[in-house]
Each structure stands twice: as C-alpha cells, then as structure tokens.
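Pasting the structures in now, so scroll down.
First chain A sits with chain B, and in the next complex the same chain sits with chain C.
Coming up: the complex of A and B.
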C-alpha cells in the first residue's frame, strides 16, 4: 500500500495561527502508524493567500487533501479514514 | 578592500558607566571609515562624559570633512587639564582611512596603536605636533598605507596596564604583551574577523586581571583590511511573478553566502531551480518557525516574523537560540550585505483577525539596513524587485 504523506505548513500565517502546536504530530504519527505514513514540514504550502476559503490557517496536507484550521485530532482522523481504519 | 572594524569595551569593575568612548562612522559613497577611541580621566560617569565629548567632537569634525590632523589639534588645544594631576581630561586615538588603503592616524595620550602585517609588528614613522596651548601635550600623526590582510589594533591603557604590579606583569601587560597575544592568535586564525578578535582580546585581558577585576575601563578596537565577505538575502516574492525565474537564477549565481527569508520565496527558488527544501522541525521554537535546508543556500528561514526578531536581537546585541539568532549571525559574519526584496505582499498577513500584528517587509528591511550600517558598520545594499 502506498505510503500516506502528511505535510505540515511551517510558514508565517500557519505559525501565527497555532501551527507550532501541531509539531507533536511528528512523534504521534511515527508511534501510531510507523512507516505507513510519512511526515514532513514544508516552508510554505501556498494555501493561505489563495482564496478566502483557504484563509483558515494552520494547514496540513494529507496526500492531496487539505485540512484547514488543522488540529491533531483532525489530522489523525483524516489519516485513519485513508487507511480505512475505524 | 574592505575595512572590517569592531570595538569591545569593559567597565572598571566597580563602575556603572564606561569611562572610554568609541565612535565610528562609515561613508559608503566615499569608501571611507573614521573612528575615534577616547579614554576619560578616572572612571565612572565623569570619565564617560569627558570621553564622550572628545569622541563626539572629533568625529563630527571628521564627518564634516575637516582634516583629521587639524581636528585633532583643535581638540588637543581645547581639552582641559586636571589641576591636581596635571594631565588631560581625556586622551584619544583617531583613524581616517579609505578602502584603497590610505590612512591617517592621530594619537594623543593613548597607547601607540599596533600595526601588523605578515605576522610582524610594523614601526611606522610619525610626525609630532606640540600643543600651542598646553605645555607637555603633543600628538603623533601617522600617514600610512594599509595593504590587504593588514591589521591595526587600538586600545585604551586599561588593556596595556592590566595586572600592573603582579608578579608575572610588574609593569602590566604592556603593548608588547598585547602584541604577542594578537600575533599568536592570528597565527592560528589568520582570517579571524575584527569582531571575534576584539572579543578574544578582551577575554584574555580579563583572564590576566587579578581576580578577573579590571582596575580601569578597557577598550580594544580591531581593524582588518580584507577582501569583503559578501552575502545576499532574498526575501519576498518578486512583484511580477514572471520575474521569478530571473531572480532565482540571479540568487543562486551570486558569489558569496546566500540566505532566504520566507517560505513563499523558498518555494519559488525550489520550483525554478528544482532544489528541494526540507524543513528541519528540530529548529522550531516557541516564538519562531523552524529553518529549512536547501542545497547551495546557507540559511533558509521563515520571513517576516524571523526578520522582525532578528532586528530586535541586532538592536539589543543579544539573542536566544532560534532562527533569528542564525540570521543575526549570518549578518554579523558578513561585511557587505545585499538585500533582494520582493515587493509582493501576502494580504492574509494583514487580516485584522490574526492574533499578532505583522510588520510590513519594506519597513523591516529599512530598519535592518539602518542598524547594520550604524551599529555594526556593515555596507548594505537594498534592491526592491
């Protein structure tokens, strides 16, 4: 099964809107999913300036799915759905 | 050639004010640098005021293109004399030098400067000018030509007279003792910056002082004639996105150290030049996002928050360990700093519902330029694109 990629935006808007609190995801994801899920930070996901719909930082991308106003719970839920885990 | 200058000072151990005063000014259009170090009589506030007046007056004369010799003579003839001790209320050393190496130095009462070339202390000729007003007061005037890799060290007598009376230094460290410390250091680190050399010398002087207590205000000024350390920092996307490719190429082909401040900017370089950017999450801090790594780029930070913090650290002269300190170090270890500033703004940064107020990039860059030029004596070029 293809590895799921999780990308955390570490840009200005995301940081200001609480992105720092999502850094824990790195350890949580490793512990929970092992090598089924990869996790990286990205200096800019190019989302906040795109449109009003996307002006809800912090952003996390799980494969191609964008999570706005991301929280740890939302990200884990999205990963679980993709893995088909209940 | 670039004239790299730095000064580090310490107060007498039991005083709250510096009794020595250092001032310097660079004139980028004239490739000229002037600097004055003055030592006020005694220590504390009174010495500070005397030294401050001397340095300020002398620098003002030189800034207004009065010849350093004439200016120094005027100061020498007007500095009052202590009625009790019969000596000047303040002594001074001044230098007026150009990037082609031409330099004039004037000394009145301070220890003779130390001029080092190829690991030897040179003994230049000088002219003596006697004061027309005060008996026994005279100044020395030197006309010299600096070559690349030459170093000049000025100091106040707090440095040369440290540890006077101690067994190892009956007459104090003396000029020869200080010269030996400098020569030994330069042998091991021939390209040490003036900033690092002045820190090192002050540290050594403090180690020599009995109980590490300096009995006098101590100042060390280091000058190094070097090939300039150039750096380029790219911050903000170009106003016209059609120019992204051009400026990405301009950036990567620059000869010197390179930094990027801004996630969007980093993305542009990454995309245009196919260089992946990897965030190093371990460098995150509570107040600033992490840095990223890109091949061929010395430092990649977030943009406006990091620049704002870096400005604060530069103004205070102190920093915590985070991305802004790395950027501050990047600036301090450069002689000529080139800013390539993209004028495109991210309007979301100015959404009133954001919990913090984000400065406008142009304003921060202007403030950075000012502090780097005035406090750190760097040469700064800014280009808005």
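Coming up: the complex of A and C.
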C-alpha cells in the first residue's frame, strides 16, 4: 500500500491561526502509524494567499486532500479513512 | 492557555481584517464592510441563528479591535464612525478590557441544578445535607429553590448518583478576585475596581465574550506617520512564531518597526537587582521575599493584597528596565511592548517610558495582513545577547531560577512557585503574610498569575508544552547569567 503523505504548513499565517498546536502531529503520527504515513512540515503550502483564505488556516494536506481549519483530530480522522481503518 | 478554539480563531480573523482595512485606500469604508465580508448575503452561518446576528456580533468584536468599549456602544454608531474616531484619538484609555454582552445570552447563570439522573432515592442525602432548606421534592425527585440555595455544594457532594451539578459560569469561575460576574439580566460585566486585568476570563470564556481593547490602530498610525517605533519583545515570545527570534526581528522590521529589543535585556537587570535585594533582606532577617515582575500580581497587590507589600521585591520589571534603556539610546522613539498578557497594559499605562502594547495575536495578524513570512527572513541581531536565565523568564520557575543563578551562594535561595492565581492561592499568600513564613521554609516566592507562567497568557499562539520546548531548545545555547557580588 502506498505511503500516505501528510504535509503540515508551518508558515507564519498557518502558525498564527492555530498551527502551533499541530506541531505535535509529527510525534503522534510516527507513534500511531509508523512508516505507513510520512510527515513533513512545509512552508508554505500556498493555500492562504488567495482572497481571504487565511481565515481557513491552519492547513494540512493529506495526500491530495486539503484540510482547512485543521485540528489534530481532523487530521487523524482523515488518515484513518484513507487507511480504511474505522 | 491553549488557544485553538473557534472564538479565538474569529478574533484573529477580525484583527487581520481591521489591519487590512487600515492599510487599504479607504479605512473608513472598509471597516464598515468587515461584518458583510465575513458573512456575505446568503451565507449559511456556522454558529448562530441567522446571518444578521452573526454580523452584529462581528461588529461588536470589531469595535473592541478598534480599541473601543463594546458596552458603551448604542448600536446606532457605524463602524465607519468608530474607525474615524480611532484615527483621531490621541490617548489610550486606562480601561483595557471589554465584554461582548450579546455573547452572554448563550451562557446559563451559576446555579446548583438537579439533573435527570436523580433517582428519587429513599436516602435523600441531598435533603439531609442542605442546611438552608433549599431542597424539596416534586413527584419524588429533588428540586432546588434557587432563592434559598447558598451554593455550598454539599448536596452535589452527597448525591450517590452524581445527579446534582454545579452549572459553572467559566468567566466567574476563572476570576481569582470576583471581578467579573453575571448580573440579574444575565450579562457579564467587569467591576474595574476589583479587576486585576489578568486576562483569565478572556481565556476561559467559551463564547470569546471578553476582549482586550486593541491598540493596533495606534501602532499602525505611528508607523504610517513615519515615527520611530521600537518594539520590545517579551521573553515568552520564543516558540510563539515560526523561525528564530533573529528572523522574527527582520520580519518586524519589514512590518514597520524601526528596531526591536528583547525584554530579556531588562530581565537580566531584574534578576541581578532582585538577587542583591534578596541577600539584603535575608541578612535583615526577613522570612521571605516575593518576586514583582508579574503585572497581574502587581495589580492584585494594589487592589486586594496591600498587606503583602513589605514582602514584595522593590525591583522593577524587565519591561521597565528595557524601556528605560530604549528611551536613553533612542530618545525620540515610541516604545511598543509585545506581550501575551492583558495586565501589562496597566503597567504600560502607568509607565511613561512604555507608549503602546500589542499582544502576540495582534502581531501575528499584522504579519498575515502584510503577507510577511518569517521563515523567509534573514537574521537580524540584537544589540546585546541576553542570558539563558533572562530568556527563561516566560515560564513558571524561570524567574526564581534566574534570581538563584545570580547569587554567588545559590544554596541561600529556597524557591516556592505560586503557579497561577486562584482564590486558594491568594488565601495562601495571605496566610504567609499573617504567619510571616512560607511553607517548607521557602524564602523566595515567585508569583505567576497565569498557570505555566507567561506562556499561559491569554494572547499566546502556541500551546505551553510546545512553547516551553522551543524556549529551552533556544536558551540552552545562551550564556549563563552574570552573578552579583
């Protein structure tokens, strides 16, 4: 099964809008999924600059799926869905 | 406080929009349009009954973001008029909190309540526990007469089914001095005689009803007018933004500040002075000394705990010393303190060397509005590299440690940390004053208004665990604090 990629935006806009609390994702994902899921912090994912999209920050990408106003729970739920884990 | 909630998110979005409006060609009109841009025609609204209610609440939040008190608004004044007033004002008000009372409607009053879990049992422990005759029975189930209930919570404790609950009002419950209360109309209001500006109510309200009256317009006006505006960043800022504090400085210079100083510069002075004072007091036979750098604690002393004054250090705060240095080195500078703390606005109001205060949310909103990416910045240096202990002032235990490390004989100091103000902790401090001693023979009491210290302040951008880790990671390479003779 192909590795699922998780990209957390660590840019300023996402950080200010709540991204600080998402930094723990790296450890959580490693512990929960091992090498089924890859994680990278990236600056920036360029999802905030169009019109008023900063209002939907912080952003996380799971494969091609964009999670707006991301929380740890939302990200884990998305990964679980992709892995087929209920 | 962990600031991931929706209420905080909306507040930040509004700050960005206010700043963008200011930077646009038509501040007056664009301010007026903010509620409509956030909740356009036909939008299905996420939180309240209808789009009109949401716009009204957003309007109130913009009023606070422009620096005005929401309670004094009579609803007929347009945001354009407020924007114009903000441009014209020349002074900051002394009162710096305001309550969005429309949000209070959704919050029940503080009371003791019998839930559906009541089994109508034979034992009736609740009835037996109540000393005020407030409990009676209807259809076999307990009910409480609110007029007689004294909220002693004995029935809550006694019920074997945990069927009786205390319905909390988060702002009231979080306030250590009883300054914020819901009145008979069910709206919360702040008694400024009692309020110590600690900001705990801001963090605790699930509706985000309590606001700081922002000075962001005053800062932006000064930058636009080409004034020399020097920012002083609190030690707790490390870990609140991405990148290093050197990159942060470059980002702030790009945003319009003329220079940036670390308040840690003053913290080194505070720790050293406090250490000297500590030695003197111990030699004079004083049982203990408390720190004096927490602004909320200083307000507490002034309004509620004057009796502790003989034990409080007379050393000034890091902000005081840093602002003094800035005004000496750059005489025509306007100083802006960047902090997560609402109480610092009081300290700034009382200190002519500190002109304005911005919190981390407001600074973050400024970066977003100006599309400044800190991670793309080169490093900018600081005039002086502060010590590890000075840079650690931002978390509980940091100040006590800095004072200790300043001493030649570190064993002299036995610290006690009051980690967050509450009714219990205030009672504890009173007891120390009366008994003229601190438990365990501690002789240096560090008092922090917020749990965790400044990294627990109401306007932080990161959770405490992450922030502390970033601070320690950075400061492990900073120099040790100088010892005092």
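What we mean here is this: the second predicted complex is superposed on the first by the 81 of 86 C-alpha atoms of A that agree within 3 Å, B and C clash if a C-alpha of one lies under 4 Å from a C-alpha of the other, contacts with A are read in each partner's own complex, and residues count from 1 in each chain.
Following the convention adopted for this analysis, contacts are C-beta pairs under 8 Å (C-beta built on N, C-alpha and C of every residue); 3 or more make two chains touch, one makes a residue touch a chain.
Just so we're clear, the structure is a prediction, and the values are computed from it rather than from any experiment.
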Partner chain(s) touched by A:16 [first = chain B, second = chain C, both, neither]: both
Which superposed partner A:43 touches (first chain B, second chain C, both, neither): both
Touching partner for A:24 - first (chain B), second (chain C), both, neither: second
Touching partner for A:69 - first (chain B), second (chain C), both, neither: second
On chain A, positions contacted by chain B and by chain C: 10-13, 15-17, 20, 23, 43-44, 48-49, 55
Complex contact set, residues of chain A against chain C: 10-13, 15-18, 20-21, 23-24, 43-44, 48-49, 52, 54-55, 69, 71
Complex contact set, residues of chain A against chain B: 8-13, 15-17, 19-20, 23, 26, 40-44, 46, 48-49, 55, 57
Touch list for chain B against partner chain A, complex: 262-264, 266-267, 277-281, 284, 286, 288-290, 292, 300, 302-305, 346-349, 351, 354-356, 358
Contacting residues of chain C [partner chain A, same complex]: 2-4, 8-9, 12-13, 16-17, 37-38, 239-242, 251, 361, 364-365, 367-368, 371-375, 461-463, 465-467
